[in-house]
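Working notes, beginning with the structure itself.
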Amino acid sequence: MEKINLSETLQKVREVNPLVHNITNVVVTNFTANGLLALGASPVMANAVEEAADMAQIASSLVLNIGTLNSQTVEAMILAGKAANWHDIPVIFDPVGAGATRYRTETAQKIMNELKVSVIRGNGAEIANVVGEDWEIKGVDAGDAKGNLLDLAITAAQKLNCVVVVTGKEDVVSDGEATYVVANGHSILTKVTGTGCLLTSVIGAFAGVEKDLLTASVAALAYYGIAAEQAAQKTAELGPGSFQIEFLNQLSLVSGEDVNLYASFKKMSGGM
Amino acid sequence: MEKINLSETLQKVREVNPLVHNITNVVVTNFTANGLLALGASPVMANAVEEAADMAQIASSLVLNIGTLNSQTVEAMILAGKAANWHDIPVIFDPVGAGATRYRTETAQKIMNELKVSVIRGNGAEIANVVGEDWEIKGVDAGDAKGNLLDLAITAAQKLNCVVVVTGKEDVVSDGEATYVVANGHSILTKVTGTGCLLTSVIGAFAGVEKDLLTASVAALAYYGIAAEQAAQKTAELGPGSFQIEFLNQLSLVSGEDVNLYASFKKMSGGM
Amino acid sequence: MEKINLSETLQKVREVNPLVHNITNVVVTNFTANGLLALGASPVMANAVEEAADMAQIASSLVLNIGTLNSQTVEAMILAGKAANWHDIPVIFDPVGAGATRYRTETAQKIMNELKVSVIRGNGAEIANVVGEDWEIKGVDAGDAKGNLLDLAITAAQKLNCVVVVTGKEDVVSDGEATYVVANGHSILTKVTGTGCLLTSVIGAFAGVEKDLLTASVAALAYYGIAAEQAAQKTAELGPGSFQIEFLNQLSLVSGEDVNLYASFKKMSGGM
């Protein structure tokens, strides 16, 4: 990837309207679907073992999120993931709360072991848990990252053999060789539930139209962060309710031009 | 049905506050409940096999929606549906995504075979799938309808022996003899998840107070479409987040007078 | 409890950010999480039998809500509740719709029998059902309470041996000895789904930082009611959609000073 054209990737999402199959947690289903619709993608949720594989194979990408996992949905995730792998459909994984309970940690391992994951997105503590590093975690919301997120992303990408997105105050994207830091976004995102989960699904939408997964991830992060910045500016002082609604507005309003104007990212030196 | 009095039907909903029992998908539960409350109905969700039948028999209507079906909820739907049938409580069915996977198609068939459904509501592709016609479908959102929605609604009503509501740019309601076209609504509804599902539940609320199901369906469609038009006008350019909230407002604000003023529907020649 | 310092309790929640573990219904997960985040608490949802106990024991409080119960979530509630009891973590119970079906009534009994519940919060009909008194109930929303809520709260607290919060036009809090009436709140809360459920989770957040559960409950009720009053004032005439969003704003904006200024509560004579 020599050149990242963010606005073209966003435009492609809006032209293609990729079908994003989400097997996600019960807290964020509505917000995820509305966010994907606002972006211009087509969300579908289907988490029954009877149909998860059938739905995955007609989708442009598959997003797996263990925010409220149970044995049925985990089984559906594996079935859907195998169907997606077989049909070369990218699988995006959000290991929500990995490390918070043994079941989440083990399920995250199971998914990484049994499936070919294309992109994994989490905060520092979650990604560290998946690669077996020691990081602090409290519930499903990680505190401020201790340690170097840049190193973590690169190490994780090399160990997990996929694109790794570590989100925090700044976001890091790495495939183990090339690494980018994206500085868009706003702290009020942490006051609205599911903003991390929706981001993962937005990466799924971009990955559904752009085969270069570094480009897809950086474009998704910049677009998403800019929408948050615009929404935060328009709703300053109003509170998280108003922000949440304006954020959905901005996900539909942020244009390719906005992305070119406001994207804040840089390529770091490759490798470790 | 000689004369359709839309405003009276709306008023009856607001006086009676019918209890609408929804067994619906996990994406739209919150939006459905809030929409029904805004209208003036009383929503209840109960999808456990242990209580679905008990809840259905104290409800004014039962709404079944297969948007995120699984074996447990399908079993609960059948139990609730049989209880509703036994007590002459109308059953409204939304075959979300019928045709997208074999499991959805088979479940839709199972529901139509084992229950007496009073009203079925879907887009063209979904209704066509249920009656066994060839239509295109992509995920759970149908593309533009190919073919004649009017013919489809009439044929479906005759084959399925119930009131059929086919929604699209214009909506068609038919019981196989009389057929109505309702032209209210707004395209931005397609950018908010669950607006089709909520419509089905709103038809359920109207069917809970009005035995003539053609009247109930036409009144529900006109009321719902007018609320969308008002909301779209008030939030033009703002985006789907603001529309969604204003739409909930309008569902509570649209009056019988508004319905008389703005309803746009006509009766088509009966039969085929 | 001689003196109730409401603003200090609110401040403590915002300093400590208690982790509130919710096993709740699928209608209100998103609203509950966003409400807790707006308050300043950390929500977590985990309802799988495989991890419910592990999550409960790292939480500051556990909230159980049977709004859309099924055999799996009930089993998870019992496991989580026993873990919470073992670690002296307060368990807050919301018996949504107790009395509407036999399954709900029996599950509410099971939870009260097998767990040590610290606070139970419901409307008059639900609390009466749990203590075995005759009250009317329709679906999950009780009508106007018949009978004396004050007597009900005191009797329930004595029989159930926990703090009882009966909500209605005015709210009553009793531990069987001391009893408070809180008059904050607004009737439009009944037009937004999950406002009762979120209140229970907010009581959970307060109970997670304040060992005196009467103080925690009264402080939570006053804070919550004031947020509703402020939101209703700012969105008068707009409708329930706008109220819902402004309410989330106010949950983050209402300050300790506001609580001192606007709290409306009084202590009733102790005992019966």
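A, B and C are the chain letters, set down in written order, and residue numbers restart from 1 in every chain.
Note that a contact is a pair of C-beta atoms (placed from the backbone, for glycine too) under 8 Å apart; a residue touches a chain by one contact, two chains touch by 3 or more.
These numbers were taken from a predicted model, which means no experiment stands behind them.
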Among line, ring, star, complete and other, the chain touch graph is complete
Between chain A and chain C the C-alpha superposition rotation, given in steps of 5 degrees, amounts to 120
Expressed in whole Å, how far the mean CA point of chain B lies from that of chain C is 33
Residues of chain B that touch at least two other chains are 26, 30, 244-245
Seen from chain B, its contact residues with chain A in the complex are 25-28, 30-31, 67-71, 97, 100-104, 138-141, 190-194, 238-242, 244-245
Given the complex, residues on chain B that touch chain C span 19, 26, 29-30, 33-34, 37-38, 42-51, 54-55, 58-59, 72, 244-253
